[in-house]
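What follows is a set of structures to go through.
Both complexes shown next keep chain A, but they swap its partner, so chain B is in the first and chain C is in the second.
Presenting the complex of A and B:
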């Protein structure tokens, strides 16, 4: 059974404009996204800024209210939960944000940040609470001397460790990682990536890993889903996507990655820019940038369909 | 051997009692691209600003920066103005803050052309349109009237590149010019820079934290750590066979774009701060090769290929 199952998720935001700031329309940030994640698995959600990957991740945890769609985590229908039930549910699914400085309250100590979830969910109190926080600190490579320090006394990498310890405190089944290493220095990034892998091996937590760095994604993810303008355009096992991308956007994305020792065949020269989500192109949203576009691509929006085994692609032109 | 275009010798930069760059030496030949790599706080951006005389007044600069034999560190403000933009130009990381939000794209370029080339009026306008076209901005004559907020990040960076190149500099300093951009746009900008550099036979100092980008754009690679040069050599050689333990660790930390092969190497600990540099070799607290001498004595960089380490990684035979 899958740990997380998302079906046809839609999220839109009002667009305000004019003198009175009236709602003039809605931008479809997430437009029919479906995802599956098993326990102990890492699914990377990749795409460029504005593609809707972070919005998808937040809507799955109902940090943003989706317009429609089904979200099941550990068999529970998230969209049916009222706020109290949702609060109790949060124990099962946690999130780590990109910017560890903005995610921590500057006035609270590292101990308080990590203990909060344990107190909220009444998992631990008193001496046992301190023990448990220390244990979590050990898990993420911090020590007792760090307990009573404030966020400004830590480096970026250490702050991200606190963010991870805080998320892990309640023993979640699912951890959403929204660009967890993007703000860190390269040498520290590797420490955090290794840490995340160790934790997954020990606890079988599932990771929804939102990222734009294809190198890190190829290293850490089991499967990849590629987003473009609010929709998944391709998904499948990591190595298959990285070595044999099918959707023309995935090909452009991967061909653009500076390789460092590896080889990225130049399948496709990068061209054009992401269109405005306020005014998305008709048909396939990628067609204005696509070297393989045919006239019908501007008319019909292709659906994600099975191309072989366990791979999905939303391009009829490159489908076998 | 011909004299290098840029020669930096024993460059040190201090802010009060804090020394952010310590006796940095490197040179750039004509037509060559040097990649300057390091993590936050290593001094790469401060060093690049010193090449354009753009450091704040309280910065204390010692050592020598020579461009074509001309010493730059002793220049007055007027003399700097004749170098900056004309001989050495710069492209910054964040194209939004580097452009004036009140001025059109055309005004930005016309101003640069007026100051550096003395081209004004209709001639400046057609030259500006030509530059926008060269940096790949579609419909350039219409784009002249656009303001920075109407452009995407990639288009803004193209405008900045056009502005930097309009003075026909000998050396372009590019400080993380693609870091704020998406990867498909980054690929376009890197291609653009490579083509223009070749066309104009410029030299380039390319500052980045991304080793993959360096491999793509640079001829030579200089690695900085904690305000000092760790290693400097031909890019393929340094990446294939790093000699400084920091370079080796840095390379092990980057997954690259290749199939997963076990854990990342990572470097223990964290980058030190300029207010508390370690004694001796500044990398020693994080270095697995460190011995007694590393804790007390600063390693002296060897002549080219440069390595500043008491116990460099052995060359593979």
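Presenting the complex of A and C:
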């Protein structure tokens, strides 16, 4: 049984405008996303900023209320929980945010940040609490001297370590990592990624790793799902996606990372900007930017279909 | 702090000497006061000297703790100020406290119910409150207090002054109650004036804090909504309010002037007006100094509160 199973998730936001701020339409930020994650596995959700990957991550944890779809984590149907049951369930699924400076309350010490989850879920109290927090600090490479410091006294990398310790404190089965390293220096990125890998080996926690950087993703993920304008366009095992991308959008993403063999000038040319999700292109949403686009791409929206047995791609042009 | 006081006093002194009028006008007009005496007073206080010299003489006396003599009240300025300062501080403290106790919870409540009826109705009332000038509100309340007649529990609301006639014959409890009844009208007028703005700021600040990522992070850890609001959001939302507290406290001392004048509250505002109208030079200067001093005290107060509330601010 999978640790996390998401089926046909939809999230939309109202667009207000005009004199009285009436709802004039809805942006479909997440438009029918399905994901699976096994225990101890890392699934990367990649795409450009604005494609809906962070919204997907937050909706899975019901930090945003989805419009429709099923979310199961550890066998529990998340959408059936009332607010109190959801609050208690949060112990099993935690999140680490992109900007560690903003995600830590400037007024709370590192100890308070890490201990609060333990107290809330009644996992530890008194002297044992301090021991447990110290243990978590050790796990993420911080020491006792850091306990009573406030966030502004830490570096960016240290702050993210606090964010990770805080999420791990309640021993979650699933950890959503929402661009956990993109706000950090490159050298610190590698440290944090290695730390995350260590932790996974020790605890067999499952990671949903949201990122836009294919280089980092290739290093840490077992499987990759590529997202474009609210939809998954390709998914499969990391090595196969990176060495043999099928969907033109995936090729473009990989070509943009020099170390992954940004070989073809053709893909570099095709870049351009992400279209507005307010008014998405007809047919395949990628067709205005796609160098392989055919006339029918503007008419019919392609669905994900199985290729090579264990991969999915939503491009009929590149399908075998 | 001292350079600022110096600058303020210099400008006030110059403006005062440029304005027409004469502190000894009343004495000059009195045929019983001989010219000889007036010239002696002029020489004693330096009114016959050039303005810069007058300023330096005044300053050197103030530094030694002598605020001068009030020709209007025929008493030392320090005595007059001391008498009025208490009344103003009482009014300022009362209305500041009342404003904060009402405005901050109303702001937080409106933020939590954003766009719903509590928020909308409080917003409408706030805009009405902000649009009403305090002098108009004071007149309105005076009229209402007069028309209403005796009320249950508090009796007839006094429409002016600090104490009733016959105050001296009351016992301690009676005296406190008497002052409290007089405080009611100017206090409520000032509170309504300050309430609206502070409620808006409290609402805005709470909304901004609630949208911060660390609030989302707290929710993701499964904390209860009340803990998120009070432990995580409120202390951060209080920062701009604390900055305001310093300004507001000192602004009340001067901003209360209109209300003080209309409700004849014997405070600094009323005193400053009386002093300027009779060009009572030393008294005017003392009220100006007092005003700037209280502004600084207010700012110091809010700085200290910041240091207490925010770990990023350190007292050095």
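What we mean here is this: the second predicted complex is superposed on the first by the 309 of 320 C-alpha atoms of A that agree within 3 Å, B and C clash if a C-alpha of one lies under 4 Å from a C-alpha of the other, contacts with A are read in each partner's own complex, and residues count from 1 in each chain.
Heads up, the rule we're going with is that a contact is a pair of C-beta atoms (placed from the backbone, for glycine too) under 8 Å apart; a residue touches a chain by one contact, two chains touch by 3 or more.
Since the model is a prediction, treat every value here as computed from it, not as a measurement.
Trainee: According to the stated criteria, A:104 is in contact with first (chain B), second (chain C), both, or neither; which is it?
Mentor: second
Trainee: Where does A:291 make contact in the superposed view: on chain B (first), on chain C (second), on both, or on neither?
Mentor: After superposing on A, A:291 lies clear of both chain B and chain C.
Trainee: Which of the two, chain B or chain C, is in touch with more residues of chain A?
Mentor: Here the partner covering more residues of chain A is B.
Trainee: Of the partners chain B and chain C, which touch A:63 in the superposed model: first, second, both, neither?
Mentor: second
Trainee: Counting only touches as set out at the top, which of chain B and chain C does A:87 meet: first, second, both, neither?
Mentor: second
Trainee: Looking at A:187, would you say it contacts chain B, chain C, both, or neither? Reply first, second, both or neither.
Mentor: first
Trainee: I'd like to know which partner A:25 touches here: chain B for first, chain C for second, both or neither.
Mentor: neither
Trainee: So in the superposed three-chain picture, is A:14 touching just chain B, just chain C, both, or none of them (first/second/both/neither)?
Mentor: neither
Trainee: Residues of chain B touching chain A in their complex?
Mentor: Touching chain A from chain B are residues 39-40, 152, 154-155, 182-188, 190, 209-213, 215-216, 239, 249-250, 252-260, 263-268, 270-271, 286.
Trainee: Using the touch definition from the top, list the residues of chain C that touch chain A in their complex.
Mentor: 212-214, 216-224, 227, 232, 235-236, 309-312
Trainee: List the residues on chain A that touch chain B in their complex, please.
Mentor: Residues of chain A touching chain B: 48-49, 155, 157-158, 185-191, 193-194, 197, 212, 214-216, 218-220, 238-239, 242, 252-262, 264, 270-271, 273-274.
Trainee: Under the stated contact criterion, what part of chain A meets chain C in this complex?
Mentor: Per the touch definition, chain A meets chain C at residues 58, 61, 63, 87-91, 94-95, 97, 99, 102-109, 116-117, 120-121, 150, 152, 163, 166-167, 170.
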